[in-house]
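Shared between the two complexes below is chain A, which pairs with chain B and chain C, respectively.
What follows is the complex of A and B.
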């Protein structure tokens, strides 16, 4: 379905909206996030402008998704960036905010140049003409076009090297908005990548390599962070790295779409869970948390489900999407890339374990934590819903395959084969979620029964400090929680040290400094000294005369 | 109704001020405002009745005054009168607390400025253009030095010196034209200009470029602007950026299209404009004084208009007209709001925005800045999009990149201000804004939103206007 908007445009610009299956897929992701996050708002005293801006933000997101031409897409993209700025401004420090807007504006303006380039070849902004326009471009222009588009998208996705703004913004944003940033705004980058790059060009190996590098580096950066939200931010970058990787190879679309859905659901679950912890305890650092399992058992179980998905382990939904990603990489025989993704997936366990250990297990690091209570239903309900989705997708991994096939057909790509909802079939293997789930379920139940029946009746500790042994008596200044410096030891490994210690921030700070001193130079021209300025003016006149005599 | 009224009435007002002065302090102010409202009515009357005309008031050939009212000159006349009327209405509420000294003189000056700017746009005779060029200049010099402070005096003197230099170049060009063509009428000059020897054509063009270059604030000749903006009172700055520079821009390109219809120097002017924009925005990056900062942003916007006009095709001119409108409205909003802030905080350093306690003013400033930046949904975007689109059609990628880079730098310093306004907690007492001020400011911001969301309301008229401007009706 296509709606023509040319009557409301200017001077022969054709604008249109289109409702494709792909667009609907991403619209569902937006609605899912909005729907679940709406449960939370009543816990916080948010100003009215927050709701107004959120409404504007969602409008711009739908505009991005349903646009059928570059111009409307760009308008949506820019409005999204600006409203995000103001939504961040409720809680974020000035420095982070400024960092964000410089990146966001660079991204939007790079996109603007790119769409003008594509317009100049065929005088059309429509997606339907894009592929042809791209082929009509010269080789240099084509490469330049791709560089601009990829820059714009990478900034939004936070690909390593372009993530300078992202982690701070995620950490400082309002808890609800962080979830939205990770679940939805980053998906707009994925959507843009599909619409503007994958559908226009041939598969690009460079994209896949950048994706793998991103996921590996972000994974290790995540491990040594102390703030829960920062770990989740890096984890977001790493997960999006997989999506970028799989979009860089042929037939990777199915994996990318599946993983987008899973990532949206799991990040919503995790951020809501952590928002609940922060709401209850007012603490957001691993070193200040711990031992919450007895106080918040339901949250613990939900987080456990979340991290199993995040790790991409069977039997939950995370494995289904990873399965498609691995198959796509195997199919193209990029084995090094495949091993990179697997390496990063495996390394992710290190920070994933930290998430559950640092927050819920171990020993409470502060007496305040002993008085924490289970969060209210408004936090739990959306999490149960998301957990249900993730478990369902683990049990019936092919449930959404018919829908993904529609999208693939629409883009004239090879579809996945489909027998029944329980069986996900790729070119190499099949994965029957139903069998795996029942096997895991049986073992799980047996283990629980065994655990409960053999649990020793040891005496309960009276307070946090009731753990003295070897004559040592801990007090308030002793760090009782291992989460205090978990992951720090990894910095001793040579290569990891290089990843963790180096940062693109040096480059950007250097760039900023140089720009400012350059600006200082120009400001001196406008210093207000008439003698200098008239000399410049005379020079200009002489130049004009000299130029005209030649 | 005669188009001469647009020039005659404000001048007549100047002469009648001594008499009006007898009726008390308020009489001058109210009569001036009423007269401007009448001019506004006259303008809309001409627009609705399509009263486009050519009027000749012959003295003795070659001397004479001829006024041409076309769709495009009427657009500028309407813009100037509405800006001036809004200014007066705004000032009426402002003067009860902080009036200018010697108010009746002030009213003479602003009306002279209005008359001269309208005269510049309407006259189709190069000598009259010179006369109005001077009148506008002189009233602007005095206005910029109106407050008795050292920075105001500095501004006035700098403005005076550069203005004097500019008019020397202009008069020299006029003399050359008269020597070689023997007429001062623009239509006759346009017919014969092409036949002139190439060197003479070149010399006249260079002289005109330098003469007007000072006034249209183009790169190496715009050094005076930031000082003038800093020294002048904040309200008057709204007039400088919404009226004076726009009149000069129109005249310069009107002459250019008439004399050089084939766009001989178009490429050079486009590069000059784009470079000016970049230079102005880069210079603005380190600026912390609000009035200077917005002076640089004015330079940037004017340079963008310059680039668009220099492209010399109807679409680009249409874009330029869009930016002219959007910029005038946005800058009015900004300077009107800054005047209130300056009155309350007595400082124009950008840090004062941190303690600004008026959500209304913050939103007004924000909307105006977003429009200047060319963010979608605001008026500025339409103009910027159309300029870049016509540049893309000409395949001028380097220019597009220069403009986008300049916009990025602009964004950096605007959002720094936005950050000051929206993240700080150190607020002072609530800044009270009177309802009259609120109405005017809200109207301006609303206008930006309406043009931004429904540009098709204006685009047809502007397209016709740009065709006329390029066609060179004189």
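What follows is the complex of A and C.
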């Protein structure tokens, strides 16, 4: 369905809205996030303007998704960036805000130039003409166009090197808004990548390589962090790295879409869970948390489901999307890239375990934590919903394949075969999620029955200090919350130190310094003294006069 | 019928796993010029532990740790076919593929890590930290080799990969095999990559806090895991097997090599083993991959 807005045309510029399957898919992601996050709102005293801005933000998101031409898309993109700025400003420090706005504006500027380049070849903003317009561009122009577009999108996605604003913003933003940033705003980058790059050009190996580098580097950065939200922020970058990778190869769209859905759901679940922990304890660092498992058992189980998905383990939904990504890379014979993706995926286990250990396991790092209670239903309900979705997608991995096929057909790509909802069939292999789930479930139940029915009885420990401790007796003063800093020793490994210690912030700080000293040069001329300014104005007028008289 | 087959697979893995564990203790004993325990000692030990009257627990998650580990081990086993070119003893492998198995292999240990964390024993958490820090470096050469193999066989199905080898991949692509073998030594918990459990050191490692029947369950799953990993390796690199005799022979040769290697070398510290694994075996595997798939 396409709504042509040509009645409101400006000259010969045609604006249009279109309801495609792809657009609907991303609209569902937006609705899922808004629907689940609304549950949380009543726990916080939010200013009224927060709601107004959120409404504006959502509108802009739907405009981005349903636009069928680049001009409306750009308007939506710009409104999104600006409202994000104001929403961040409720809790974010000045420095982070400056970082965000500089990146957002330069990204918007690059996007605008690129869109104008597309327009100038055929005098059309419509998506349907974009591929032809791109082919009509000269080689140099084409490359320039791609560089601009990719810069704009990479900033939104937080691809490594362009993530300078992202991690701080995620950490400092309001807990609800962080979830929204990770779940939805990053997906807008994915959507932009699909409609502006994947649909317009051929598959790009460079994109895939950048994606793999991003996921590896972000994973090792995540391992080093002590703040829970920063770990999740880096984890977002890494997961989006997989999506970027698979969008860089042919037939990668199915994996990218599937992973977008999984990532949206799992990041909502994790951020809501952590928001609950922060709400209950007021602490957001692994070193200050710990031992909450028996205080908040439901939250623990929900986080457990979340991390199993994040790790991409069968039998839950994370494996389904990882499987499609791996298959696409294997099918196109990018074997080293696939090794890189699997490497990053295996490294992620470290921060994933830290995520659950640092918060819920081990010993409480402070006495206050022992009085923590389970969070209210408004935190738990959305998590149950999301967990249900993720478990269903693990058991019936092909449940959304018919829908993904519609999107692929629309973009005239090869579709996935479909037999029944339990069996996910990629170009390279297949697996039956229903069998994996029921096999694991049955075995688990049998082992439990066997284990509980053995003659020997387990005795509950007297208290949490009743542990095997080299023949000594630990007490309150013994530091037992060991392991929240796991992964720190990786900095001692030569190869990994380069990844962990280097940071793009040095580059951007250098760039900032250079810009300032360049600005100083102008300040010398335009010094702010009235007399000098007056003289400059006179000089300028004279120049104008001279120019017009010639 | 399938249930009976699964039960038989489990019994074979359980029996052979404990037999190999007994052999491991005897053979390492000979390397150290002492006499080992009786062959079935570990098996009897595990039965004895199951019957112990008391063991300390730390709540329900502590229970679940070893249980998830055990379930992971059995599930992994069922998704690995014992023989090639036949559906006998193929278990559930036609419903899964190599990716499923690769992930199931780590599902159990991660589940157990949760139990360890709940126990609150810092030595246990220390072992888990070492294990997870080492894990990705350990997996990388193995992944590279396995990916090359999947691409060469044109399939991610384990029995198809086994059947696809006219000459076994270990001989046809030795570099890939050597790369994967380093990882395999670590996966079997052998020196020089055995810092996780660190046997015969001060006690540390994931098993620290588990006693009685918890320990019994951990010992039993270790036997099953050992056999499952050996069968997987035989299927992927040693051309699979067509009967029990061939399977036992091939797994035993592989096992003997791994434990001999383990007896001869000292232990790496965690950063050392990561450094080594990322440099030497990974390079070998990458060269192997490039040579194998160049055309």
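Structural remarks
Heads up, the rule we're going with is that the second predicted complex is superposed on the first by the 489 of 550 C-alpha atoms of A that agree within 3 Å, B and C clash if a C-alpha of one lies under 4 Å from a C-alpha of the other, contacts with A are read in each partner's own complex, and residues count from 1 in each chain.
As a convention for this text, a contact is a pair of C-beta atoms (placed from the backbone, for glycine too) under 8 Å apart; a residue touches a chain by one contact, two chains touch by 3 or more.
Since we're looking at a predicted model, the values are computed, not measured.
Note on chain A: of its two partners chain C and chain B, the one contacting more of its residues is C.
Of the two partner chains, chain B is the only one that A:516 touches; chain C does not reach it.
Shared-chain residue A:92: touches chain B; no touch with chain C. In the superposed pair of complexes, A:326 makes contact with chain C only, with no contact to chain B. In the overlay built on the shared chain, the residue A:226 is in contact with neither chain B nor chain C.
Contact with neither chain B nor chain C is seen for A:284 once the two complexes are overlaid on the shared chain. With both structures placed on the common chain, the touch criterion links A:544 to chain B but leaves chain C unconnected.
With both structures placed on the common chain, the touch criterion links A:101 to chain B but leaves chain C unconnected.
On chain A, the surface touched by chain B in one complex and the surface touched by chain C in the other have no residue in common. Residue ranges on chain A touching chain B, taken from their complex, read 7-11, 13, 71, 74-75, 78-79, 82, 85-86, 89, 92-94, 97-98, 101-102, 105-106, 109, 112-113, 116-117, 119-120, 123, 141, 515-516, 518-520, 522-523, 525-526, 528, 530, 533-534, 536-537, 539-541, 544-545, 548.
The residues of chain C lying in touch with chain A in their complex are 50-59, 61, 63, 66-68, 70-72, 74-75, 78-79, 92, 95-100, 103-104, 106-107, 110, 113-114, 117-123, 125-126, 128-129, 132-133, 135-136, 139-140, 143-144, 147-148, 150-151, 155-157, 202-203, 208-209, 211-214, 217, 270-271, 274-275, 278-279, 286, 289, 293.
Considering their complex, residues 154, 158, 161, 165, 202, 206, 209-210, 219-221, 223-224, 226-227, 279, 282-283, 285-287, 296, 315, 318, 370, 375-377, 381-382, 385-386, 388-389, 391-393, 395, 397, 400-401, 404, 407-409, 411-412, 415-416, 418-420, 422-424, 454-456, 459, 463 of chain B touch chain A. Across the complex, chain C is touched by residues 291, 293-294, 300, 304, 311-314, 319, 322-323, 326-327, 330, 333, 335-336, 338-339, 342-343, 346-347, 349-350, 353, 356-357, 361-363, 428-432, 435-436, 439-440, 443-444, 447-448, 451, 454-461, 464, 466-470, 480, 482-483, 486-487, 489-490, 492-496 of chain A.
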